[in-house]
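Order of writing sets the chain letters: A, B, C and D. Residues in each chain are counted from 1.
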Amino acid sequence: MTALAASGLFKDGAHHYPVRVFYEDTDAAGIVYYANYLKFAERARTEMIRLFGLEQRELMEQAGLAFAVRKCTADYLRPARLDDHLVVVSRLTAIGGASMAVEQSVTRDGVPLVELSLKLACMTTEGRPARIPPDLRDKLTFHLSETM
Amino acid sequence: MTALAASGLFKDGAHHYPVRVFYEDTDAAGIVYYANYLKFAERARTEMIRLFGLEQRELMEQAGLAFAVRKCTADYLRPARLDDHLVVVSRLTAIGGASMAVEQSVTRDGVPLVELSLKLACMTTEGRPARIPPDLRDKLTFHLSETM
Amino acid sequence: MTALAASGLFKDGAHHYPVRVFYEDTDAAGIVYYANYLKFAERARTEMIRLFGLEQRELMEQAGLAFAVRKCTADYLRPARLDDHLVVVSRLTAIGGASMAVEQSVTRDGVPLVELSLKLACMTTEGRPARIPPDLRDKLTFHLSETM
Amino acid sequence: MTALAASGLFKDGAHHYPVRVFYEDTDAAGIVYYANYLKFAERARTEMIRLFGLEQRELMEQAGLAFAVRKCTADYLRPARLDDHLVVVSRLTAIGGASMAVEQSVTRDGVPLVELSLKLACMTTEGRPARIPPDLRDKLTFHLSETM
(Lines give C-alpha, C1' and ligand atoms only; values in the text may rest on other atoms or scores of the structure.)
Protein backbone atom coordinates (compact mmCIF):
# COMPACT_ATOMS: atom_id res chain seq x y z
CA MET A 1 0.00 0.00 0.00
CA THR A 2 2.71 2.47 0.88
CA ALA A 3 3.95 1.85 -2.63
CA LEU A 4 0.81 3.48 -4.02
CA ALA A 5 1.55 7.03 -5.16
CA ALA A 6 -0.68 9.87 -3.95
CA SER A 7 -2.39 9.84 -7.34
CA GLY A 8 -2.72 6.09 -7.45
CA LEU A 9 -1.51 3.94 -10.30
CA PHE A 10 -2.76 1.77 -13.15
CA LYS A 11 -2.52 -1.97 -12.63
CA ASP A 12 -4.36 -4.84 -14.34
CA GLY A 13 -6.32 -2.39 -16.47
CA ALA A 14 -7.69 -0.42 -13.53
CA HIS A 15 -6.75 2.63 -11.50
CA HIS A 16 -5.83 1.86 -7.86
CA TYR A 17 -6.08 4.68 -5.34
CA PRO A 18 -5.29 4.43 -1.60
CA VAL A 19 -7.60 5.89 1.06
CA ARG A 20 -6.98 5.87 4.80
CA VAL A 21 -10.08 5.97 7.05
CA PHE A 22 -9.96 8.86 9.54
CA TYR A 23 -12.34 9.87 12.34
CA GLU A 24 -14.04 12.33 9.96
CA ASP A 25 -15.16 9.40 7.78
CA THR A 26 -16.76 7.33 10.55
CA ASP A 27 -19.99 7.71 12.48
CA ALA A 28 -21.40 6.75 15.88
CA ALA A 29 -22.12 3.22 14.63
CA GLY A 30 -18.32 2.78 14.46
CA ILE A 31 -18.22 2.40 10.68
CA VAL A 32 -17.66 4.64 7.66
CA TYR A 33 -20.76 6.79 7.03
CA TYR A 34 -22.50 5.65 3.84
CA ALA A 35 -22.22 8.98 1.98
CA ASN A 36 -18.47 9.14 2.57
CA TYR A 37 -17.70 6.25 0.22
CA LEU A 38 -18.91 8.58 -2.53
CA LYS A 39 -16.19 11.02 -1.45
CA PHE A 40 -13.56 8.27 -1.63
CA ALA A 41 -14.86 7.36 -5.10
CA GLU A 42 -14.77 10.94 -6.31
CA ARG A 43 -11.18 11.38 -5.08
CA ALA A 44 -10.20 8.26 -7.01
CA ARG A 45 -11.96 9.40 -10.20
CA THR A 46 -10.27 12.79 -9.93
CA GLU A 47 -6.82 11.23 -9.57
CA MET A 48 -7.49 8.76 -12.39
CA ILE A 49 -8.46 11.63 -14.67
CA ARG A 50 -5.47 13.64 -13.47
CA LEU A 51 -3.21 10.77 -14.53
CA PHE A 52 -4.91 11.00 -17.95
CA GLY A 53 -3.54 14.56 -18.07
CA LEU A 54 -6.67 16.46 -17.03
CA GLU A 55 -6.90 18.98 -14.18
CA GLN A 56 -10.55 19.64 -13.30
CA ARG A 57 -9.89 23.20 -12.18
CA GLU A 58 -8.32 23.98 -15.56
CA LEU A 59 -11.30 22.39 -17.29
CA MET A 60 -13.62 24.61 -15.24
CA GLU A 61 -11.60 27.83 -15.59
CA GLN A 62 -10.52 27.44 -19.23
CA ALA A 63 -13.43 25.60 -20.84
CA GLY A 64 -16.19 26.39 -18.34
CA LEU A 65 -16.87 22.66 -18.08
CA ALA A 66 -17.21 20.12 -15.28
CA PHE A 67 -18.22 16.48 -15.02
CA ALA A 68 -21.35 16.05 -12.94
CA VAL A 69 -22.67 12.75 -11.61
CA ARG A 70 -26.00 11.89 -13.28
CA LYS A 71 -26.52 8.50 -11.73
CA CYS A 72 -24.83 6.60 -8.92
CA THR A 73 -25.54 3.13 -7.61
CA ALA A 74 -23.78 1.90 -4.49
CA ASP A 75 -23.87 -1.64 -3.09
CA TYR A 76 -22.69 -1.78 0.50
CA LEU A 77 -21.31 -5.26 1.12
CA ARG A 78 -19.11 -4.90 4.23
CA PRO A 79 -18.34 -1.89 6.45
CA ALA A 80 -14.99 -0.11 6.64
CA ARG A 81 -13.72 1.04 10.03
CA LEU A 82 -11.41 3.61 11.60
CA ASP A 83 -7.74 3.33 10.52
CA ASP A 84 -8.58 0.93 7.68
CA HIS A 85 -6.36 1.16 4.65
CA LEU A 86 -8.61 1.01 1.59
CA VAL A 87 -7.93 0.90 -2.13
CA VAL A 88 -10.44 2.32 -4.61
CA VAL A 89 -10.27 0.39 -7.90
CA SER A 90 -11.73 2.37 -10.83
CA ARG A 91 -12.46 1.48 -14.44
CA LEU A 92 -13.66 3.78 -17.19
CA THR A 93 -16.19 1.55 -18.99
CA ALA A 94 -17.80 3.77 -21.64
CA ILE A 95 -17.39 7.17 -23.31
CA GLY A 96 -20.21 8.93 -25.11
CA GLY A 97 -20.34 12.32 -26.78
CA ALA A 98 -21.34 14.06 -23.56
CA SER A 99 -20.98 11.43 -20.85
CA MET A 100 -18.90 8.60 -19.49
CA ALA A 101 -19.44 5.55 -17.29
CA VAL A 102 -17.19 4.45 -14.44
CA GLU A 103 -17.21 1.28 -12.31
CA GLN A 104 -15.55 1.54 -8.90
CA SER A 105 -14.90 -0.80 -6.01
CA VAL A 106 -13.78 0.29 -2.54
CA THR A 107 -11.67 -2.62 -1.31
CA ARG A 108 -9.73 -3.72 1.80
CA ASP A 109 -7.07 -6.39 1.38
CA GLY A 110 -8.50 -7.11 -2.06
CA VAL A 111 -12.00 -7.71 -0.68
CA PRO A 112 -14.74 -5.44 -2.06
CA LEU A 113 -16.59 -3.44 0.61
CA VAL A 114 -18.64 -1.11 -1.59
CA GLU A 115 -19.29 -1.40 -5.33
CA LEU A 116 -20.21 1.76 -7.23
CA SER A 117 -21.49 2.30 -10.72
CA LEU A 118 -21.64 5.85 -12.06
CA LYS A 119 -22.68 7.81 -15.08
CA LEU A 120 -21.10 11.26 -15.42
CA ALA A 121 -22.18 14.01 -17.77
CA CYS A 122 -20.17 16.91 -19.15
CA MET A 123 -21.85 20.18 -18.08
CA THR A 124 -21.23 23.89 -18.47
CA THR A 125 -20.71 25.73 -15.21
CA GLU A 126 -24.22 27.14 -15.73
CA GLY A 127 -25.53 23.58 -15.54
CA ARG A 128 -26.30 22.88 -19.20
CA PRO A 129 -25.25 19.60 -20.85
CA ALA A 130 -22.21 19.97 -23.09
CA ARG A 131 -20.20 17.80 -25.45
CA ILE A 132 -16.86 16.54 -24.17
CA PRO A 133 -14.12 18.55 -26.00
CA PRO A 134 -12.58 16.36 -28.77
CA ASP A 135 -9.02 16.35 -27.39
CA LEU A 136 -10.27 15.35 -23.95
CA ARG A 137 -12.52 12.73 -25.50
CA ASP A 138 -9.52 11.30 -27.37
CA LYS A 139 -7.55 11.08 -24.14
CA LEU A 140 -10.40 9.35 -22.35
CA THR A 141 -11.01 6.94 -25.23
CA PHE A 142 -7.32 6.07 -25.28
CA HIS A 143 -7.48 5.16 -21.61
CA LEU A 144 -10.81 3.40 -21.97
CA SER A 145 -9.09 0.58 -23.77
CA GLU A 146 -6.35 0.62 -21.15
CA THR A 147 -8.76 0.10 -18.27
CA MET A 148 -10.79 -2.68 -19.90
CA MET B 1 -42.05 25.80 3.97
CA THR B 2 -41.72 27.61 7.27
CA ALA B 3 -44.79 25.63 8.28
CA LEU B 4 -42.76 22.42 8.15
CA ALA B 5 -41.78 21.31 11.64
CA ALA B 6 -38.14 20.46 12.37
CA SER B 7 -39.05 16.78 12.17
CA GLY B 8 -41.09 17.17 9.01
CA LEU B 9 -44.67 16.00 8.64
CA PHE B 10 -46.77 13.40 6.83
CA LYS B 11 -48.78 14.63 3.87
CA ASP B 12 -50.33 12.74 0.94
CA GLY B 13 -48.96 9.46 2.27
CA ALA B 14 -45.34 10.65 2.42
CA HIS B 15 -42.98 12.25 4.92
CA HIS B 16 -41.92 15.80 4.00
CA TYR B 17 -38.73 17.16 5.55
CA PRO B 18 -37.24 20.65 4.93
CA VAL B 19 -33.54 21.17 4.19
CA ARG B 20 -31.80 24.49 3.68
CA VAL B 21 -28.64 24.46 1.51
CA PHE B 22 -25.65 25.99 3.32
CA TYR B 23 -22.09 26.66 2.14
CA GLU B 24 -20.99 23.34 3.70
CA ASP B 25 -23.24 21.49 1.23
CA THR B 26 -21.95 23.14 -1.93
CA ASP B 27 -18.72 22.75 -3.91
CA ALA B 28 -16.55 24.81 -6.22
CA ALA B 29 -18.86 24.04 -9.16
CA GLY B 30 -21.45 26.18 -7.34
CA ILE B 31 -23.85 23.29 -6.72
CA VAL B 32 -24.59 20.81 -3.94
CA TYR B 33 -21.86 18.14 -3.83
CA TYR B 34 -23.28 14.80 -4.98
CA ALA B 35 -22.59 12.88 -1.77
CA ASN B 36 -24.37 15.49 0.34
CA TYR B 37 -27.81 14.59 -0.99
CA LEU B 38 -27.30 11.27 0.81
CA LYS B 39 -26.89 13.26 4.03
CA PHE B 40 -30.13 15.13 3.35
CA ALA B 41 -31.85 11.80 2.68
CA GLU B 42 -30.52 10.23 5.87
CA ARG B 43 -31.69 13.20 7.94
CA ALA B 44 -35.16 12.81 6.45
CA ARG B 45 -35.27 9.04 7.10
CA THR B 46 -34.15 9.62 10.68
CA GLU B 47 -36.88 12.18 11.29
CA MET B 48 -39.51 9.99 9.59
CA ILE B 49 -38.55 7.10 11.85
CA ARG B 50 -38.48 9.43 14.85
CA LEU B 51 -42.08 10.41 14.08
CA PHE B 52 -42.85 6.65 14.09
CA GLY B 53 -41.67 6.73 17.72
CA LEU B 54 -38.16 5.37 17.24
CA GLU B 55 -34.96 7.06 18.46
CA GLN B 56 -31.93 5.52 16.74
CA ARG B 57 -29.63 6.15 19.69
CA GLU B 58 -32.01 4.21 21.96
CA LEU B 59 -32.12 1.41 19.40
CA MET B 60 -28.32 1.29 19.41
CA GLU B 61 -27.85 1.59 23.18
CA GLN B 62 -30.73 -0.60 24.29
CA ALA B 63 -30.99 -3.24 21.58
CA GLY B 64 -27.50 -2.98 20.06
CA LEU B 65 -29.10 -2.49 16.65
CA ALA B 66 -28.81 0.01 13.82
CA PHE B 67 -30.16 0.29 10.30
CA ALA B 68 -27.39 0.21 7.70
CA VAL B 69 -27.76 1.13 4.05
CA ARG B 70 -27.23 -1.97 1.87
CA LYS B 71 -28.02 -0.42 -1.47
CA CYS B 72 -28.54 3.12 -2.66
CA THR B 73 -29.38 4.38 -6.12
CA ALA B 74 -29.38 8.11 -6.80
CA ASP B 75 -30.59 9.82 -9.99
CA TYR B 76 -29.34 13.38 -10.25
CA LEU B 77 -31.82 15.31 -12.39
CA ARG B 78 -31.17 18.98 -11.57
CA PRO B 79 -28.64 20.65 -9.25
CA ALA B 80 -29.50 22.41 -5.99
CA ARG B 81 -27.67 25.63 -5.14
CA LEU B 82 -26.68 27.74 -2.13
CA ASP B 83 -29.61 29.07 -0.05
CA ASP B 84 -32.09 26.75 -1.80
CA HIS B 85 -34.96 25.59 0.34
CA LEU B 86 -35.45 21.89 -0.37
CA VAL B 87 -38.02 19.34 0.76
CA VAL B 88 -37.10 15.66 1.04
CA VAL B 89 -40.17 13.49 0.35
CA SER B 90 -39.80 9.95 1.77
CA ARG B 91 -41.94 6.81 1.46
CA LEU B 92 -41.43 3.52 3.24
CA THR B 93 -42.23 1.04 0.47
CA ALA B 94 -41.50 -2.41 1.93
CA ILE B 95 -40.70 -4.11 5.24
CA GLY B 96 -39.04 -7.50 5.45
CA GLY B 97 -37.93 -9.52 8.46
CA ALA B 98 -34.53 -7.87 8.55
CA SER B 99 -34.74 -5.02 6.04
CA MET B 100 -36.84 -2.23 4.65
CA ALA B 101 -37.06 -0.22 1.43
CA VAL B 102 -37.41 3.54 1.16
CA GLU B 103 -38.03 5.80 -1.85
CA GLN B 104 -36.95 9.42 -1.48
CA SER B 105 -37.05 12.53 -3.62
CA VAL B 106 -35.14 15.73 -2.91
CA THR B 107 -37.38 18.46 -4.31
CA ARG B 108 -37.41 22.25 -4.82
CA ASP B 109 -40.78 23.94 -5.35
CA GLY B 110 -42.27 20.51 -5.95
CA VAL B 111 -39.77 19.69 -8.71
CA PRO B 112 -37.61 16.60 -8.12
CA LEU B 113 -33.87 17.29 -8.18
CA VAL B 114 -32.53 13.94 -6.97
CA GLU B 115 -34.43 10.64 -6.72
CA LEU B 116 -33.13 8.02 -4.30
CA SER B 117 -34.02 4.40 -3.81
CA LEU B 118 -32.62 2.61 -0.75
CA LYS B 119 -32.57 -0.75 0.91
CA LEU B 120 -31.70 -0.73 4.62
CA ALA B 121 -30.81 -3.75 6.73
CA CYS B 122 -31.09 -4.20 10.48
CA MET B 123 -27.61 -4.92 11.89
CA THR B 124 -26.04 -5.56 15.27
CA THR B 125 -23.44 -2.99 16.29
CA GLU B 126 -20.85 -5.70 15.53
CA GLY B 127 -22.04 -5.65 11.95
CA ARG B 128 -24.05 -8.90 11.77
CA PRO B 129 -27.49 -8.99 10.13
CA ALA B 130 -30.34 -9.08 12.65
CA ARG B 131 -34.10 -9.40 12.57
CA ILE B 132 -36.08 -6.22 13.18
CA PRO B 133 -37.56 -6.45 16.74
CA PRO B 134 -41.31 -7.38 16.50
CA ASP B 135 -42.64 -4.20 18.17
CA LEU B 136 -40.54 -2.02 15.88
CA ARG B 137 -41.61 -4.08 12.89
CA ASP B 138 -45.24 -3.55 13.88
CA LYS B 139 -44.73 0.19 14.07
CA LEU B 140 -43.02 0.28 10.68
CA THR B 141 -45.69 -1.91 9.07
CA PHE B 142 -48.39 0.34 10.47
CA HIS B 143 -46.74 3.34 8.83
CA LEU B 144 -46.01 1.46 5.64
CA SER B 145 -49.69 1.56 4.77
CA GLU B 146 -49.77 5.21 5.77
CA THR B 147 -47.06 6.18 3.35
CA MET B 148 -48.40 4.25 0.37
CA MET C 1 -37.34 23.61 20.86
CA THR C 2 -40.01 22.61 18.38
CA ALA C 3 -41.16 26.22 18.67
CA LEU C 4 -37.91 27.37 17.05
CA ALA C 5 -38.48 28.32 13.42
CA ALA C 6 -36.19 26.87 10.74
CA SER C 7 -34.34 30.19 10.65
CA GLY C 8 -34.13 30.50 14.42
CA LEU C 9 -35.34 33.54 16.36
CA PHE C 10 -34.03 36.43 18.41
CA LYS C 11 -34.45 36.14 22.18
CA ASP C 12 -32.67 37.95 25.02
CA GLY C 13 -30.52 39.84 22.53
CA ALA C 14 -29.19 36.74 20.78
CA HIS C 15 -30.09 34.58 17.80
CA HIS C 16 -31.19 31.03 18.73
CA TYR C 17 -30.95 28.35 16.07
CA PRO C 18 -31.90 24.66 16.49
CA VAL C 19 -29.65 21.83 15.27
CA ARG C 20 -30.42 18.12 15.47
CA VAL C 21 -27.41 15.76 15.62
CA PHE C 22 -27.53 13.12 12.88
CA TYR C 23 -25.23 10.18 12.12
CA GLU C 24 -23.33 12.33 9.59
CA ASP C 25 -22.23 14.64 12.44
CA THR C 26 -20.84 11.94 14.73
CA ASP C 27 -17.67 9.86 14.61
CA ALA C 28 -16.44 6.47 15.81
CA ALA C 29 -15.81 7.90 19.31
CA GLY C 30 -19.61 8.23 19.56
CA ILE C 31 -19.58 12.03 19.71
CA VAL C 32 -19.92 14.92 17.29
CA TYR C 33 -16.69 15.31 15.25
CA TYR C 34 -14.88 18.49 16.28
CA ALA C 35 -14.96 20.17 12.85
CA ASN C 36 -18.72 19.72 12.55
CA TYR C 37 -19.51 22.26 15.28
CA LEU C 38 -18.09 24.83 12.85
CA LYS C 39 -20.76 23.71 10.37
CA PHE C 40 -23.48 24.16 12.99
CA ALA C 41 -22.08 27.61 13.78
CA GLU C 42 -21.99 28.62 10.12
CA ARG C 43 -25.60 27.50 9.60
CA ALA C 44 -26.62 29.64 12.58
CA ARG C 45 -24.69 32.70 11.32
CA THR C 46 -26.25 32.29 7.88
CA GLU C 47 -29.77 32.16 9.33
CA MET C 48 -29.08 35.09 11.66
CA ILE C 49 -27.91 37.16 8.70
CA ARG C 50 -30.86 35.95 6.64
CA LEU C 51 -33.19 37.27 9.36
CA PHE C 52 -31.34 40.60 9.00
CA GLY C 53 -32.57 40.56 5.40
CA LEU C 54 -29.42 39.33 3.68
CA GLU C 55 -29.21 36.32 1.34
CA GLN C 56 -25.58 35.26 0.87
CA ARG C 57 -26.13 33.97 -2.65
CA GLU C 58 -27.52 37.36 -3.67
CA LEU C 59 -24.53 39.04 -2.05
CA MET C 60 -22.24 36.80 -4.06
CA GLU C 61 -24.10 37.04 -7.38
CA GLN C 62 -25.03 40.72 -7.25
CA ALA C 63 -22.14 42.34 -5.40
CA GLY C 64 -19.45 39.68 -5.91
CA LEU C 65 -18.94 39.60 -2.15
CA ALA C 66 -18.82 36.94 0.57
CA PHE C 67 -17.95 36.85 4.24
CA ALA C 68 -14.91 34.68 4.93
CA VAL C 69 -13.81 33.48 8.35
CA ARG C 70 -10.44 35.06 9.25
CA LYS C 71 -10.11 33.72 12.75
CA CYS C 72 -11.99 31.08 14.72
CA THR C 73 -11.46 29.95 18.30
CA ALA C 74 -13.41 26.96 19.61
CA ASP C 75 -13.51 25.77 23.22
CA TYR C 76 -14.85 22.24 23.50
CA LEU C 77 -16.40 21.87 26.97
CA ARG C 78 -18.70 18.84 26.68
CA PRO C 79 -19.45 16.48 23.79
CA ALA C 80 -22.73 16.34 21.87
CA ARG C 81 -24.10 12.93 20.86
CA LEU C 82 -26.38 11.31 18.28
CA ASP C 83 -30.01 12.54 18.36
CA ASP C 84 -29.13 15.48 20.63
CA HIS C 85 -31.22 18.57 20.13
CA LEU C 86 -28.84 21.54 20.21
CA VAL C 87 -29.37 25.28 20.09
CA VAL C 88 -26.71 27.58 18.65
CA VAL C 89 -26.81 30.97 20.38
CA SER C 90 -25.15 33.74 18.30
CA ARG C 91 -24.32 37.37 19.03
CA LEU C 92 -22.91 39.92 16.63
CA THR C 93 -20.41 41.74 18.85
CA ALA C 94 -18.60 44.19 16.56
CA ILE C 95 -18.81 45.67 13.04
CA GLY C 96 -15.85 47.27 11.31
CA GLY C 97 -15.53 48.74 7.84
CA ALA C 98 -14.60 45.39 6.33
CA SER C 99 -15.14 42.85 9.08
CA MET C 100 -17.39 41.73 11.91
CA ALA C 101 -17.07 39.70 15.10
CA VAL C 102 -19.47 36.99 16.26
CA GLU C 103 -19.66 35.06 19.53
CA GLN C 104 -21.46 31.71 19.40
CA SER C 105 -22.32 28.98 21.85
CA VAL C 106 -23.54 25.50 20.91
CA THR C 107 -25.82 24.53 23.80
CA ARG C 108 -27.93 21.56 24.99
CA ASP C 109 -30.68 22.24 27.52
CA GLY C 110 -29.13 25.66 28.11
CA VAL C 111 -25.71 24.17 28.93
CA PRO C 112 -22.83 25.32 26.69
CA LEU C 113 -21.01 22.46 24.92
CA VAL C 114 -18.78 24.44 22.56
CA GLU C 115 -17.99 28.17 22.68
CA LEU C 116 -16.86 29.84 19.46
CA SER C 117 -15.41 33.25 18.78
CA LEU C 118 -15.07 34.37 15.16
CA LYS C 119 -13.83 37.23 13.08
CA LEU C 120 -15.26 37.43 9.55
CA ALA C 121 -13.99 39.59 6.72
CA CYS C 122 -15.82 40.87 3.67
CA MET C 123 -14.07 39.57 0.54
CA THR C 124 -14.51 39.76 -3.21
CA THR C 125 -15.09 36.42 -4.89
CA GLU C 126 -11.50 36.74 -6.18
CA GLY C 127 -10.35 36.70 -2.56
CA ARG C 128 -9.45 40.37 -2.03
CA PRO C 129 -10.57 42.22 1.11
CA ALA C 130 -13.50 44.57 0.48
CA ARG C 131 -15.50 47.12 2.46
CA ILE C 132 -18.94 46.04 3.63
CA PRO C 133 -21.51 47.85 1.41
CA PRO C 134 -23.03 50.81 3.37
CA ASP C 135 -26.65 49.58 3.31
CA LEU C 136 -25.57 46.15 4.55
CA ARG C 137 -23.36 47.76 7.19
CA ASP C 138 -26.35 49.82 8.38
CA LYS C 139 -28.45 46.67 8.72
CA LEU C 140 -25.73 44.87 10.65
CA THR C 141 -25.11 47.87 12.93
CA PHE C 142 -28.84 48.08 13.64
CA HIS C 143 -28.86 44.46 14.73
CA LEU C 144 -25.60 44.81 16.62
CA SER C 145 -27.38 46.83 19.29
CA GLU C 146 -30.21 44.30 19.24
CA THR C 147 -27.93 41.40 20.01
CA MET C 148 -25.96 43.09 22.78
CA MET D 1 5.45 16.50 -2.95
CA THR D 2 5.03 13.17 -4.66
CA ALA D 3 7.95 12.07 -2.51
CA LEU D 4 5.82 12.45 0.61
CA ALA D 5 4.66 9.06 1.87
CA ALA D 6 0.95 8.51 2.60
CA SER D 7 1.71 8.90 6.31
CA GLY D 8 3.89 11.95 5.84
CA LEU D 9 7.44 12.24 7.13
CA PHE D 10 9.51 14.10 9.71
CA LYS D 11 11.71 16.90 8.41
CA ASP D 12 13.29 19.88 10.19
CA GLY D 13 11.72 18.79 13.48
CA ALA D 14 8.17 18.74 12.15
CA HIS D 15 5.78 16.24 10.59
CA HIS D 16 4.90 16.99 6.95
CA TYR D 17 1.69 15.50 5.55
CA PRO D 18 0.37 15.97 1.98
CA VAL D 19 -3.29 16.82 1.28
CA ARG D 20 -4.87 17.22 -2.15
CA VAL D 21 -7.92 19.51 -2.38
CA PHE D 22 -10.93 17.72 -3.93
CA TYR D 23 -14.42 18.99 -4.80
CA GLU D 24 -15.70 17.68 -1.44
CA ASP D 25 -13.41 20.17 0.36
CA THR D 26 -14.52 23.27 -1.52
CA ASP D 27 -17.67 25.39 -1.36
CA ALA D 28 -19.66 27.67 -3.64
CA ALA D 29 -17.27 30.55 -2.94
CA GLY D 30 -14.67 28.51 -4.87
CA ILE D 31 -12.42 27.97 -1.87
CA VAL D 32 -11.89 25.30 0.80
CA TYR D 33 -14.73 25.46 3.38
CA TYR D 34 -13.38 26.76 6.69
CA ALA D 35 -14.29 23.68 8.76
CA ASN D 36 -12.50 21.36 6.35
CA TYR D 37 -9.02 22.61 7.31
CA LEU D 38 -9.75 21.02 10.70
CA LYS D 39 -10.21 17.71 8.87
CA PHE D 40 -6.87 18.14 7.10
CA ALA D 41 -5.26 18.94 10.46
CA GLU D 42 -6.79 15.90 12.15
CA ARG D 43 -5.60 13.61 9.34
CA ALA D 44 -2.08 15.00 9.81
CA ARG D 45 -2.16 14.55 13.61
CA THR D 46 -3.40 10.99 13.18
CA GLU D 47 -0.60 10.14 10.77
CA MET D 48 2.01 11.84 12.96
CA ILE D 49 0.85 9.80 15.95
CA ARG D 50 0.76 6.67 13.78
CA LEU D 51 4.40 7.26 12.91
CA PHE D 52 5.03 7.43 16.68
CA GLY D 53 3.70 3.85 16.76
CA LEU D 54 0.17 4.54 17.95
CA GLU D 55 -3.01 3.35 16.20
CA GLN D 56 -6.03 5.27 17.51
CA ARG D 57 -8.42 2.38 16.96
CA GLU D 58 -6.21 0.14 19.11
CA LEU D 59 -6.10 2.84 21.77
CA MET D 60 -9.90 2.98 21.72
CA GLU D 61 -10.51 -0.76 21.62
CA GLN D 62 -7.76 -1.87 24.00
CA ALA D 63 -7.49 0.99 26.49
CA GLY D 64 -10.91 2.59 26.00
CA LEU D 65 -9.13 5.91 25.38
CA ALA D 66 -9.23 8.61 22.73
CA PHE D 67 -7.72 12.06 22.29
CA ALA D 68 -10.38 14.75 22.12
CA VAL D 69 -9.82 18.34 21.03
CA ARG D 70 -10.39 20.70 23.97
CA LYS D 71 -9.40 23.92 22.28
CA CYS D 72 -8.69 24.88 18.69
CA THR D 73 -7.65 28.25 17.28
CA ALA D 74 -7.48 28.71 13.51
CA ASP D 75 -6.08 31.74 11.68
CA TYR D 76 -7.17 31.84 8.06
CA LEU D 77 -4.52 33.77 6.12
CA ARG D 78 -5.08 32.77 2.48
CA PRO D 79 -7.63 30.47 0.83
CA ALA D 80 -6.84 27.07 -0.70
CA ARG D 81 -8.57 26.11 -3.94
CA LEU D 82 -9.61 23.03 -5.93
CA ASP D 83 -6.71 20.77 -7.02
CA ASP D 84 -4.25 22.54 -4.70
CA HIS D 85 -1.51 20.38 -3.30
CA LEU D 86 -1.16 21.27 0.38
CA VAL D 87 1.25 20.18 3.09
CA VAL D 88 0.20 20.14 6.74
CA VAL D 89 3.19 20.84 8.99
CA SER D 90 2.65 19.64 12.59
CA ARG D 91 4.66 20.04 15.79
CA LEU D 92 3.94 18.48 19.15
CA THR D 93 4.77 21.36 21.52
CA ALA D 94 3.82 20.14 25.01
CA ILE D 95 2.82 16.94 26.85
CA GLY D 96 1.02 16.98 30.18
CA GLY D 97 -0.29 14.15 32.32
CA ALA D 98 -3.61 14.10 30.52
CA SER D 99 -3.20 16.43 27.56
CA MET D 100 -0.92 17.58 24.76
CA ALA D 101 -0.49 20.68 22.60
CA VAL D 102 0.01 20.71 18.83
CA GLU D 103 0.85 23.55 16.44
CA GLN D 104 -0.10 23.02 12.81
CA SER D 105 0.21 24.97 9.59
CA VAL D 106 -1.60 24.17 6.36
CA THR D 107 0.80 25.32 3.65
CA ARG D 108 1.01 25.60 -0.16
CA ASP D 109 4.45 25.91 -1.73
CA GLY D 110 5.83 26.63 1.72
CA VAL D 111 3.43 29.54 2.27
CA PRO D 112 1.12 29.20 5.31
CA LEU D 113 -2.61 29.36 4.45
CA VAL D 114 -4.11 28.41 7.82
CA GLU D 115 -2.35 28.28 11.20
CA LEU D 116 -3.85 26.06 13.89
CA SER D 117 -3.12 25.75 17.58
CA LEU D 118 -4.72 22.84 19.48
CA LYS D 119 -4.98 21.40 22.93
CA LEU D 120 -5.99 17.73 23.07
CA ALA D 121 -7.10 15.83 26.15
CA CYS D 122 -6.99 12.10 26.82
CA MET D 123 -10.54 10.86 27.46
CA THR D 124 -12.27 7.58 28.22
CA THR D 125 -14.80 6.51 25.62
CA GLU D 126 -17.48 7.51 28.18
CA GLY D 127 -16.13 11.05 27.98
CA ARG D 128 -14.27 11.34 31.28
CA PRO D 129 -10.76 12.85 31.43
CA ALA D 130 -8.02 10.23 31.78
CA ARG D 131 -4.27 10.18 32.26
CA ILE D 132 -2.19 9.33 29.20
CA PRO D 133 -0.87 5.75 29.69
CA PRO D 134 2.84 5.88 30.76
CA ASP D 135 4.22 3.99 27.74
CA LEU D 136 2.31 6.21 25.34
CA ARG D 137 3.42 9.29 27.28
CA ASP D 138 7.04 8.14 26.96
CA LYS D 139 6.65 7.75 23.20
CA LEU D 140 5.09 11.20 22.87
CA THR D 141 7.73 12.82 25.09
CA PHE D 142 10.47 11.20 23.01
CA HIS D 143 9.00 12.73 19.86
CA LEU D 144 8.32 16.05 21.55
CA SER D 145 12.03 16.79 21.55
CA GLU D 146 12.24 15.58 17.96
CA THR D 147 9.63 18.01 16.74
CA MET D 148 10.97 21.07 18.56
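The rule we apply is simple: a contact is a pair of C-beta atoms (placed from the backbone, for glycine too) under 8 Å apart; a residue touches a chain by one contact, two chains touch by 3 or more.
All figures in this text were calculated on a predicted structure; none of them were measured in a lab.
**Q** Count the residue numbers both chain A and chain D use at their shared interface, divide by all numbers used there, and answer same if that is over half, different if under half.
**A** Same: most residue numbers at the chain A-chain D interface appear in both copies.
**Q** Between chain pairs C-D and A-C, which one is joined by a greater number of C-beta pairs in contact?
**A** C-D
**Q** For chain C versus chain D, what separation do you get between their C-alpha means, in angstrom?
**A** Result: the chain centres lie 25 Å from each other.
**Q** In angstrom, rounded to a whole number, how far apart do the mean CA points of chain A and chain D lie?
**A** Spacing between the chain centres: roughly 26 Å.
**Q** Per the centroid of Cα atoms for each chain, what is the distance between chain A and chain C, given in Å?
**A** The answer is 34 Å.
**Q** What residues in chain C touch two or more of the other chains?
**A** 23-24, 28-31, 35, 39, 42, 57, 60, 81-82
**Q** Which stretch or stretches of chain D touch chain B in the complex?
**A** 23-24, 26-31, 33, 35, 81-82
**Q** Which residues of chain A touch chain B in the complex?
**A** 28-31, 34-36, 38-39, 42, 57, 60, 66, 68-76, 78-79, 125, 127
**Q** Would you tell me which residues of chain C are touching chain B in their complex?
**A** 1-2, 4-7, 18, 20, 22-24, 39, 42-43, 46-47, 55-57, 60, 81-83
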